[in-house]
Every structure is written in C-alpha cells, then in structure tokens.
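Below is one structure, written out as structure tokens; comments come after it.
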Amino acid sequence: MVCDAVGITCEDIAEDSYDASHPAFVSSVSENRHMASVRTPDPNPGWISEIALDETRSRVPILYVEAVPVRLNSLGQVDLVGVLLRGSAATGQLTRTLVSGRVMHGESVREALLRNLEKDLGPTAFPQLPASIVPFTVAEYFPLPGVAPLYDSRQHAVALAYVVPVSGECIPRQDALELTWLTPEDAASDDVLAEMEGGRGSLLREALAFMGALS
Amino acid sequence: MVCDAVGITCEDIAEDSYDASHPAFVSSVSENRHMASVRTPDPNPGWISEIALDETRSRVPILYVEAVPVRLNSLGQVDLVGVLLRGSAATGQLTRTLVSGRVMHGESVREALLRNLEKDLGPTAFPQLPASIVPFTVAEYFPLPGVAPLYDSRQHAVALAYVVPVSGECIPRQDALELTWLTPEDAASDDVLAEMEGGRGSLLREALAFMGALS
Amino acid sequence: MVCDAVGITCEDIAEDSYDASHPAFVSSVSENRHMASVRTPDPNPGWISEIALDETRSRVPILYVEAVPVRLNSLGQVDLVGVLLRGSAATGQLTRTLVSGRVMHGESVREALLRNLEKDLGPTAFPQLPASIVPFTVAEYFPLPGVAPLYDSRQHAVALAYVVPVSGECIPRQDALELTWLTPEDAASDDVLAEMEGGRGSLLREALAFMGALS
Amino acid sequence: MVCDAVGITCEDIAEDSYDASHPAFVSSVSENRHMASVRTPDPNPGWISEIALDETRSRVPILYVEAVPVRLNSLGQVDLVGVLLRGSAATGQLTRTLVSGRVMHGESVREALLRNLEKDLGPTAFPQLPASIVPFTVAEYFPLPGVAPLYDSRQHAVALAYVVPVSGECIPRQDALELTWLTPEDAASDDVLAEMEGGRGSLLREALAFMGALS
C-alpha cells in the first residue's frame, strides 16, 4: 500500500482498518448491530470511508483517545514511559508519538481506548484501564501550525489523554516500528520532546507532571 | 419557528444558530478565517447545515461541552446549583437540563464552554471558567435508550462536563424557559433527577459528588 | 488483648503495630535510619506510643490514607467494590469500613497506602497503586458528630482517599473480620451506607461517582 | 523580633500567630468553642506553643495547604501566576515561595486555605476557592535534602496544593516582602524554579501543567 500517494499518513489507514476479529471491535459491532436493527440501516456503523471521513473532518472536531503506556512499581511510581517510534509517510521522517486513535460511532471511550492500545501495543500488553474515565488532560489539535501547541494537518481533533499502566509484553504492530521505554528523565528531555509528532511533547510533559515525575 | 415540523428539537436550532456578534464566536471565526486563507475556503467554518449535521451525526461521535452552573460561598462550598427548565419540541414536555452545546469546527473547548454558558445563562452571568480543562467527568450519550445511563435520540455524543461558578445575574434566553437555583440536597433528590433530560440526573449527581455535596 | 479497656478501638492498635518485616516498612525505616544519623536520634521514628499519639491528636489534624479496593474488568469498569466488616470495640457493634490507616512520620503517602492495603487485605491482594498521587477526594473527620458528614471520636483526621484496583486474593488480617465484595448497585444502597463507620457512606458514594458507577 | 535566634524561620511564627480577628479564624474558633463545650477544655484549640509544635513535628507528618494564586482570562486560561518573594531568617537569603500554611486542629482544609490566602495576599485579594477539594497535587516535604524533590528542614510535611484564581488587589503582609506576577513562560523558567524555596519549583511546574500552561 502506498500511503503517501494520496497525501495521507499511514496512521489514517491503520486507524480505520483495524482487525475486525478483535474482541473489542466485535463487541462494539454487535452492539451497533443491535442499535442498527432499530435505527440505523448502516451495517458497519463505526467504519466510514476515507472520503466520508475527510468530509466529516471539515465539519466537526473529531474525537480521539490517546494513551501514555507506563510501567509502574509496586508503589505506583512510574519506572518507564512507553513512546512509539513511527514512520510518517507524509514527511518521510521517523517521529515519536503516543498510542492514539479515533473514537468510532457507537463505540464507548473505554472501548476505543482498549482497541487502540491493542492496535499499537499488541494483544499481550495487558493494559490496566483506569477506574475513572476522567482524562489527565484534554488535548486539542488544530489543522494550522502555530495556533496551539498541538497540531494535526488532517483535522481539528480533540483527544482525551490517559496514563495507562501495562504489565505484559508490548509487541507493536506493523505501522508502529518500535516501542521505546524511557525513564521519566529521558522522556522529559528536550531531545525527545522535539521528536514528538504534532507537538505531543507538551502532552508527554503533562503526563509526567500528572504522575509527579517531572523533574 | 416550528421546530418539530422537521423532527428536531428546538435545542438543535438554538445550538447552531448562535449570535454571530458574540465575542467568543467572533474571535473563533476570525481565527478560522485566518486558517481559511491557507486551507479552508468555507467562509463560516463552525456552522454547518442541518442536513450536513445529520449526516455527520451518523458517522462520528459529536463532541459537546456541558456545564453545571453553581453559586459558591467564600470557602468554595456550593450554596446553589443551577438547573435549566427547558421545553422540548420533540416530546412536548418540559424537562430539566444542564448548560450544553456542541463544540464547533475550529473552536476550542474553552470557547465552546463560554459560548454555551452565555447562550443559556445570558451575557451577565459572569461565569468563571476553571483553570484546568480537565472535566469532572466525560458523559457518553448513545442514541438508543437503555444502552447507557445517558441517552440522546439524535446522536452518539460525548460531552466534557464542567462545574462553573457564576457570580452575576443569569437571564436565560428564549429557548431556556427558566433557570432554577436548587440547594445541593434538592438537586440530589429523586424528583429532580427523574426530570433531567436524557438521564442527566446521574451527571448531576456526579457533579455534586465532585463538589463533596452529595448528601 | 482487651482493646476496649482503655477506650480505644482495635483499629488504633492494629494501625500502629504493623509488621516490622513488611518490605514497605523496612524501606521506610531504613530511610528514616539514614535521616536519623543526621538529624533525629529516635531509633523508631514512625512509631509513637499511644500516650504520645493521644497528645498529638489534640494538637494537629492527623493525616490518613483510605482506599476503596475494586475489581475492574478489562475496560476499567468497576465490577465489584470491597468493603470491610470490622468489629468496633468502642461500640461493640459490627460496622463496615474502608481500608484506612495513618501516615507515619517519615513515611511517604504511597508507602502508607501500600502498607495499609497489605495490613487490611493481606499479602496476596496485589493492589495496583494509581499512577497519580491525587486522591479522588479529601475526607475530613471531626471529633464531634454532626459538624461534618464524617466523624471520628478519637481525633481530627484528614484522609487522602484512593480507588485501588486489586487483582489477587484478599485475606483480611485478624482485626478485619471479613472483606465483602459488593456490586456498585449494592454498595450505593441505603442499607450499606447506613452501616459504614463514621459516615464513610458518603465517601463510598463519592468513590462510585468518581468511577461513573453511581446509578 | 529575632527569629533566627531560636533556629526557626519567620514563616513559623507568622504561620502560628495569625490575626485572631480574621473572619475565617473567628468562625473556626467559634466552631471549636462549640466543640470545646462538649469535649475539649482548651480555649484556643488550633493554636499550640512552639515547643509543642516542635515536639509534634517529630511525631507525625504535619498537614499543610499551599496555593498558587493566578489571574485567569474570561476563557479560564492563566494570564499570570503569583509568586511570593520572601525573606528567610534562617538563611538570610531572599527566596521565592507559594502561599502556604498549616491546617490547624479543628480547622477545615477550606478554612485553612482561605486563612492562608488572606495571610499572604491581604484582605482584598478576593480568592475564588475551587468547587472541588481535590488538590492538583499532594506535595510531600521531607526534613532531609535529597530524599525527595521537596524539602523542609523543620519537619515532614504533606501539603494539599491548589490553584486559586484571585480577582482583587493583593497586598502581602509584612513577612512576605513582595508578590510578583509572572507569565506562565517566566514562571516555568529555570531561573525562577531555582529560586523557589524547598524545591517548590517542581510544584510550580505541576501547577502550570495542570493549567495546560507548561510550554
């Protein structure tokens, strides 16, 4: 697949063509199917075509979830922070990013969070989703650089951002080339922050502050 | 205006036909206009037609903000909770609700919150928006009753919900018939909760718990 | 041991005579010992006599931690809430309570939380302490009933209250007769709330609201 | 007054010799007096002698409140952050600090917060205490430098830290030489952080992150 031929990044495609055999996805779809029998004739409500998604992106802010995977010690203190190293077809550069993905129509925020964690960290990461749905911050991405710290050329996106402890082995799928575990000190370094896609360095710093790990 | 002729409630129209002379809206539009010169030819980016909005509602979850207006004493304790008494053209019934509205394309969450507070409480309410953008909860509305505590027949909506102290006089506009100030005890009563639109009684109880005022 | 002969509850004693072989305690003590070599001659800084504790209780508010143990599903939603059934020597009655204990001198809040979780739930509970030290609420207990919702006849206490997921087997120690796992609905019932010691029913409801599980 | 002759800083004295005509203090005392008629013969329960306070400081962690005063714009975004420039008799140096003070016996956290804001910012600051008692962080000060980021030579202290918008004129009292209003960028600078007393630079950065203002 030649992602950059159509001017979109691989993330776009990965995000919307997730594995339909995924348990969270199946449960979401079956829930939607139940809804569909009453209200919505669309047999596949969460998924929409790239054209429809582009049109939608020009109309409303798009809701995302983002996650900072962490390894905690027995006292709950953060030992390591997971950062994805991902190839961007749009720029040809390797950039660092966080677990991130769209909330589908009919999908709950928790389902979207779990689905995107499994998409980016693999099926054996064993993430422990938080007991409260309140995010550590709300990240607002605007399509023009410089308007706000966070930037997404594709869209106006609003992301609910969570810190998620993972206890298992993380095996990123194809589109995420590598997961790097950094100490809090390294994660807060200017070098790492400068490599974060779309200004997510500020988001990573807020996550570290939330954990009391911003040196 | 005959709202119900087209099967939508008055809230839909009020929400999308806000006063274009509103300062927040003007700043948002001017910001958008600046964006528009580079990317978006649409001269009125936040606003979309009812048809486009209906289509969009079938594709993605729609981002909302909601606010519980409160009167605080000098110690920050809640004296009174503001609840709107609003007529629903869809059902013909009077129901209670919270300050609520959509986040427009190109609009920040804070701008949407201030705009909707002014839309529902008038220009002299003097709301004090919180220093942190983290909501007290994330409210998820699904279009089928019974799936979740919160329900919105029009759409899958996700609302960032805030407690907002107001110090001025609240003069609800046309579509909100009345603003009622309730004590925390009355706001938590089963009677009030049963009258709350779309299951927002649970949301109001979470707001009271957040303020330590759930008896 | 005849707790009630001296007019204090078993909790007092249990709280201050914790197992010195406990890893958290050992690390705390060794840290204190290091401090002691420079500043403090007291060989056992966290522990103080009952007489000194009583005197201290008349002088300053005493800092506590409290925890609501929960079983979460893979989406982070609460399945079950753990409530302790505990004998109070002061009243002779069985009452329900939460995991609770004092923060010792020289002990961090996280160490106190882990130590009290292990004291009340045993060594195989495997609690996952939260990534953020921010509590879901701050609970204030005053020594006179009726002043505030929360009441502690022994003292003015201020507790940092946390929701803590546990994944292992909980085996309460001697002073806690039983750990009961309740559904969120049962935990919010008026019956359970009336049985909670010192007004902790309101605290439990705030925990449920924090988890979005207050029906 | 020669503070340093007895090895304590001026803050100690200022903290415990607050104006007895202060409304918050009066209300606290009258509440305590009411308690006193039933349980406590001490006519002045919150106040304790320096000797008793020193003894208490060796026994239990001492509960504090801290506040970062801020000027917010109409959208709730932080324009300016207030930092106190304060003389330390112990070191002879001028250092920067935050609004800070002990929670007295019988005093609520909110009362302590309001009292200390008025002590440090004067009677016309008009602070708006937050609707929720949940702090943005819990700050732990240990008496040995290097154990934790935060340090207090006098004691093990645990502070509940809040961001508090102020709308009036701030006139610091004698012991606080000056209140400086800084932009978020300046407040986050390495220069300012290095001047913060007891490691409070990390606390100030967490406050900025909480407000989404950490550049």
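Lettered A, B, C and D in written order, each chain numbered from 1.
Note that in this section a contact is a pair of C-beta atoms (placed from the backbone, for glycine too) under 8 Å apart; a residue touches a chain by one contact, two chains touch by 3 or more.
Quick caveat, the model's predicted, so the values are computed rather than measured.
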item: Shortest walk length in steps over touching chains, chain A through to chain C; value: 1
item: Residual chain groupings, excluding chain C and keeping positions; value: one piece
item: Chain D against chain C, contact positions shared by both copies (same if over half, else different); value: same
item: Angular offset of chain A relative to chain D [C-alpha, multiple of 5 degrees]; value: 180
item: Pair of chains joined by more contacts [C-beta pairs], B-C or B-D; value: B-D
item: Separation of mean Cα positions, chain C and chain B [Å, integer]; value: 39
item: Distance between chain centroids, defined by C-alpha means - chain C, chain D (Å); value: 27
item: Chain centre separation (chain B, chain D; CA means) in Å; value: 36
item: For chain D, residues contacting two or more additional chains; value: 108, 133-134, 136-137, 210, 212
item: Partner chain D, residues of chain A touching it in the complex; value: 137, 149, 202, 205-206, 209-210, 212, 214-215
item: Complex interface listing, chain B residues touching chain D; value: 24, 70, 72, 74-78, 108, 110-111, 113-114, 128-134, 136, 163, 165, 210-212
item: Chain C partner contacts - residues on chain D that touch it in the complex; value: 31, 34-35, 38-40, 42, 45, 48, 52-53, 56, 58-63, 102-109, 133-138, 140, 142-144, 147-148, 156, 158, 160
